[in-house]
């Protein structure tokens, strides 16, 4: 059968690009997000709301996840939504709120950027910028993030192979920015009982092929609040360097993704369970430093 | 079983957005690309090289596809490539060449834009701008294209449902630009003998749900030169309003996608075959106007 | 990246088995179903109800599809159903009805077999036995069919690659039965607006790789009655040697698959349209011989 | 958008069949395989070679996995192979060897059955019969297993939804046999770096929807020996009631699946690691009883 010489899908894996490859750098890369290190023996939990909705929502959620052991705060100001009629985020107002609560809690902040024209603006507020699934192959955006100095959280496209994911990361490294974290967040399959199919095998595969840290997003990976704890435990057991989770102080009132967000109690319980799994595999989950305020 | 209230995948199709919906506009929309109309009884063939590589390559190919009956010229100046080390296109130099050959042949030109910052530049040269598969959910880019006045060729994401595809088009229409052509170009499945799986059922589905014209890209849809003719005939038979194909005067020397590009003779033969299929279903393929030069 | 040496999915197509391969037999195989030849220049239409439900339903449908130009009658007596609580078919009673209407109309009959223990029984009534999608890799059943002398209609598994499909056919040929027709009937993908994704590119691919005839099932391939005509035309245009379609005299009362069955008028209209497409590609659809009764 | 009323894929999960449903039986079903109980607080490990190849291979492997803590022995006598030219198993000779080593080690035996005509034969030797992925929708086989009294290990089809998987189990329960274990073994997706994509989210989903025990097969789920340990740990952490793994005393000489089989040392090390994970989630892995010999 003739195969297609330029088909990354068919020839999958024949050529892992050089800068992300473990052959280039056999040591694990440690990404430093304003003092929080991802990629070492600590497992780092990133938590917060899907979207920044209001001062109260953000601040209450942030304080609580910090208390339970989250080390980095997540929250979207510019939201990629399938429909133009859905809530699109607070924009720069959201970035300002993130900046304020960082000051109070000491938690570094990660937030998404969707447009090359916003990279500079977002980088001015965030400690790490996120490039979402839908933009994993937005090459101008990858290049722009690669030219900046902020760490980049790159999420796997929902239909990207492991090889394509690494090629996307290579675009960032190739511009000079080596502070990249890879995030498995579920792929699209025929199964519809979950929002996506969380591909936990991507974690050991990525860690074998690349020196970059790998984290998991069980919220988007399942789309089901009740399933987030089980898949979080599995993600820690499989070897992830961290998790990024949606947590909301009132999930039932969330403007975005409430059905997959943990409430504050659920998150606290989960953190306690995750510490046991981390210990069982010889790693640990460290609490944040005492609050700066 | 609990299902996910916000999962477009699960709830597929429950809510086709309003501006693209046939319920809003029961007449077929006709998109006018500098005089060439897509969406009526004529089936319009768009042809040309994957990437503009040189004056000779572009001009010889353009003259030949025009002679065989192509009505619109395609050619990439900014190329989205999986690897940062592949040929990335000639940039503005490529746009200038497209503009020159348009003058000579009278063929309107379609070319891809990947970055919000380039929309104005590309719109200054092209008669229709293309938003590629990888950017189908690049919402800032969709909005920017929607604020312009050039027709937009929107390609289906390789992982996008029909509903998500229509939602992406809605982003463009919602900004005021209703001149949008939808393009089925193959989806990603488990099958690896073809580059993608060309989903021809999307054509009747999209035409039933929406008033926008629908065309098919058999080159990316198959990734195999020898298969392009068979799938092109099928696309015409199934009801597509047009085709967009990669044609190169010397495919074996192409810098991009040569393995899926027809040569000039193959294209001429195919055009002759397509006319018969068009006639069999009561449509037609019209030759271009006599050359303006 | 390490690849898996035994993964047919990864190594797709590296080794088409010998008996089905075109390299072994460069001439097209003609399958003779009690006088009706599939694989030559004639395009053969197989039609009838999903399941045999009653004498009236079967006989009225059979007479009508014959009048419109169907050459072979389909109808299930043993039905594979996802749920044990759905109608499971009439069993041998259904086979007897098929045999009676064959006598009246002269139409050869194809019906499904699911169990090795039934192959002999079904072969005693049918002119061609069908192995359905769910049993494409039921190896004991393939071997049993291969040991018989009745032609076999083998449907592609909804999850099977082209290579696996050919390997399944090889099991039949390897037992000595070379009268095998391959049937593309839709694969499972992430898209949910259609029941399956009809992979028409499998037709030219299979015909290039193998000498066996290839037909298409647009009823299961789409699951939508209104879409069957468009996909049938595309299947003829792409080069299929025949079609197998569900037709019911009263689709709204069908015990099985009524939503994807054409009624008698729709089928008659479609046959008329298909003849034009066949002519446009240099093939033809021949009417059945005058009825023997 | 019209959806398809009979499309299990679209309507996924609307109707979990009654006998397997947790609504029918809120207590976990405990399956008793000749004294070994699956579905309680113990996590049960099933291990052994892909295929029974010889007395030495089977016996040495069986003794070693027992020493490391496996409670049930696996080994195929009738093998479903994609190609008719691959090793098809030793047949009844293999069953006899399994029976002999059971006597020596006291380990109950599970082995696959593919043909309705073999169910009685295989049940005469095995303590649990396995229905493999390719036969998940082989309804006559499901019914035959349902009429027997041996526990059934039912593997998920590689392209079956969770709902279809439960419907297949329902076929068995509906015949009167309620001793069914469900096994997630990887689904087919677009990703090709692993043999299948192990869908660990199916474990909590199945346990929520059904009272039946759920185990995981990390060997077929990944197809990569080095990845089996990581995914095994994840499977225990996510809540699986057991694992089924391929172990071979000399993987490099295996006639089948050697690339995904652990050797004896790797298995011993993994068992030790799994005990820690089990403890971290409040469960345990118990050693087999002292050998009867």
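By letter and in written order, the chains are A, B, C and D; residue numbering begins at 1 in each of them.
Just so we're on the same page, contacts are C-beta pairs under 8 Å (C-beta built on N, C-alpha and C of every residue); 3 or more make two chains touch, one makes a residue touch a chain.
In this text the structure is predicted, and so the values were computed from the model without any measurement.
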Touching both chain A and chain C (chains): B, D
From chain D, the most remote chain by mean C-alpha position: B
Chain B-chain C separation of Cα centroids, rounded to whole Å: 34
Residue numbers of chain B (touch at least two other chains): 1-3, 9-10, 12-13, 159, 162-163, 188-190, 192-194
Contact set on chain A toward chain C in their complex: 1-3, 10, 12-14, 16, 159, 162-163, 188-190, 192, 209
Chain C residues touching chain D - in the complex, by the definition given at the top: 1-10, 17, 80-85, 114-118, 134-135, 137-140, 157-159, 164, 167, 170-171, 174, 188, 192-195, 223-224, 257, 259-260
Chain D-facing residues of chain A, complex: 9-10, 12-13, 159, 161-163, 187, 189-194, 197-205, 208, 221-222, 226-227, 230-231, 233-239, 273, 276-277, 279-281
